[in-house]
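Okay, so chain A shows up in both of these, paired with chain B first and chain C after.
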Partner chain A sequence: MPKYMLMFVGSDDWYDKQSKEELDKAYQPIMKWWDDLSKTGVIKGGEELGMQRKATSVKRVNGAMKVIDGPFIESKETVGGFALIEVEDLDKAIAIAKSWPGGDVEVRPIVDHGA
Partner chain B sequence: MSKYAFLFMDDGVDYQNDPTPEQQKVYADIFKWFEVNGPKIVDGGAELQPTRTATTIRKSATGKVTVIDGPFIESKESVGGFSIIEAPDLDAAIAIAKTWPGYGIEIRDVVEQRERVAEV
Partner chain C sequence: MAAVFHEEAGRLTAALVKRLGDFDLAEECVQDALVAALEHWPRTGIPDNPGAWLMTTAHRKGIDRLRRETRYREKVAQLEEAPMTEAGSMPDERLELIFTCCHPALAREAQLALTLRSVAGLTTAEIARAFLQTEATVAQRLVRAKRKIVDAKIPFRVPEGHELPDRVGEVLAVLYLMFNEGYLATGSRGAMDRDLAAEAEWLTSLLARLMPDEPEVLGLLALMRFNLARADARFDAEGDLVLLRDQDRAKWDRPAIDETFLLVGRYLRMRNPGPYQLQALIAGAHADAKSWETTRWPDILRSYDALLALHDTPVVRLNRAIALWHVEGPEAALAEVDSLSRELNAYHLFHATRGELLRALGRTADARAADARALELTENPAERALLEKRLARRSR
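Now for the complex of A and B:
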């Protein structure tokens, strides 16, 4: 079965605006979503990422690697986490992405190296 | 030891579709990089197909869900893959990232679930 990456769109702004109670409330359905899909074997892996403002980047500039204190692409919205899922096809991956209790999601097929 | 997410960034090179010999060389070097750094990689993650294969699900403030062909952010630079690396600290993670044969890496903290629960 093909694998897809769900990239969850997030922003530091959103976190900053939530109270602890609001965060707790927002996370409950997300945890349940994650647990349910892990138990059924759909989710194969994934992580939640820390704040974008804490990012460090390395970028090739004129052949040499330059260290940048900050995200690679300056943008209000960023990848806030990801889940690797295994489902029949893209339609099914989109259906799962639609059921994500958080915000926007980018779905990308992954490269199969035949491993 | 701490875990760091490496977001491998592409600058629009389509390694899966007719790469130049130079790009093929970089791709081969990337394979070698994964072999050499294997012991530090706690989750191999995945390599993503190019952004032209992306589908985005957007949710409006009212909860309306829209499915769009294409990436969330249209930009030449995009996330091309993920791996989770274990390193003693951020400096060590940066040192590993600097050896990446490709275009670049964004290093991000990984949120441990218990940490998040403890916070709220």
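Now for the complex of A and C:
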């Protein structure tokens, strides 16, 4: 069965503006969504990512690897987390993405090097 | 023979895509079969069951091609396992094909090109000519779309249940855009473009045959047919655009209009209104009128009100304002149009409509300014010519 990566949009801005209670409330449906889909075997793995401002990039500059503070591309919207899912086809993957209780989702097929 | 090809090319492509899961290979086999038919049929005559003949040939050519080319080796088994040669038992899988080509995960331009290529059987060169693009651009767009279908696993099937309405809407949006691309450009680009509108009408009538219970499909088909029935009156002898109000109604295709009303009756009985059905009702009210003045404007206004209730957009409000003009007068219509200035300031028809209303109210200088603004905003040659004529007339 094909695999897809669901990439969830997150933003440091949004995170900063939430109170502790608001965050707890926002996470409840997300946790339930994650648990349900893990139990049915759709989600094969995934994590939430730390904030963009905590990113460190290692870039190749003139052949040497250089450590730089920050992400590759600074932007308001970044990947805030990801889930690896296994479903029949893109329509099923889109249906799962639509059921995500958070914000925007990018669906990317995983390249199958075995094929 | 052209009619047979039109009908069978999409059928063959659909059947082969289904079995092979490979658009390129399917299209190559179909092409081979059509070439073989072009060679044989003029000598032997068109066979009794041309579809079965083509299917058998495509199947045989497919196996030949697969054996020759190592890239397709594992697919030989798929074709040999699933023969499609029993005459008379050919499933029509074009509906699956249409939904795959118009999948929302594909860009609009790719949906258009792919539908024309795979379902209607147009060549890449024909598609490129219709959209005034280079063949290389269209070819690349097709390659990318087909690759995405395979790599992202866009399924070859008709969507089910709650997914269906949205996906039908997506298909209809593709077909309507295709139609307008051909219909609105007529006259400015030459005879070629009529074909794009005709292709869209053909595809929509195919969809209506495959999904006879979808009222919006019938609605779009009726909308297209009302428009096509007036096509001959839309341009004057010089090739300039003639507005509906000024058209020679004797040039309208009366039998086609009458027949389209049967279609309207069919969807009205389904009692499930939608935007295309309502737009077709409006087009029908125009097609039915003896003159601009005796048009059933209150009916048209009612249809616009229903359309707004489903789909409140500034452009619908702008079009509704024309009906409002004829029911309640130019002042009421102008007030409505002016309320849209923020949203539609960059839309040429907003200014053109304002120009007409201002002229009806005797505000000539304001009308000229509005027409000039409209002219600045449109690149469509037919519409430019019309506005230039209007401006020139009043400067004399």
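We take it that the second predicted complex is superposed on the first by the 114 of 115 C-alpha atoms of A that agree within 3 Å, B and C clash if a C-alpha of one lies under 4 Å from a C-alpha of the other, contacts with A are read in each partner's own complex, and residues count from 1 in each chain.
What we mean here is this: contacts are C-beta pairs under 8 Å (C-beta built on N, C-alpha and C of every residue); 3 or more make two chains touch, one makes a residue touch a chain.
Nothing here was measured: the structure is a model prediction, and the numbers come from that model.
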item: Overlay on chain A: chain C relative to chain B, clash or fit; value: fit
item: Touched partner set for A:Pro109, first chain B, second chain C, both or neither; value: both
item: Contacts of A:Pro2 with chain B and chain C, given as first, second, both or neither; value: second
item: First, second, both or neither for A:Asp13, with chain B first and chain C second; value: neither
item: First, second, both or neither for A:Arg60, with chain B first and chain C second; value: first
item: Touching partner for A:Asp89 - first (chain B), second (chain C), both, neither; value: second
item: Touched partner set for A:Asp35, first chain B, second chain C, both or neither; value: neither
item: Residues of chain A touched, compared between chain B and chain C (which is higher); value: B
item: First (chain B), second (chain C), both or neither touched by A:Met51; value: first
item: CA minimum distance (chain B, chain C), superposed complexes, angstrom; value: 5
item: Intersection of the chain A residues that touch chain B with those that touch chain C; value: 90, 94, 107, 109, 111
item: Chain C residues within the chain A interface of the complex; value: 103, 105, 151-155, 157, 159, 163
item: Chain A to chain B touching residues, read off their complex; value: 3, 5, 7, 9, 20-21, 23-24, 27, 45, 47-52, 54-60, 65, 67, 71-73, 75, 77, 79, 81-82, 84, 90, 93-94, 97-98, 100, 103-111, 113
item: Residue ranges of chain B in contact with chain A within the complex; value: 3, 5, 7, 9, 16, 43, 45-49, 51, 53-59, 65, 67, 71-73, 75, 77, 79, 82, 84, 90, 93-94, 97-98, 100, 102-111, 113, 116, 119-120
item: Chain A residues touching chain C - in the complex, by the definition given at the top; value: 2, 88-91, 94-95, 107, 109, 111
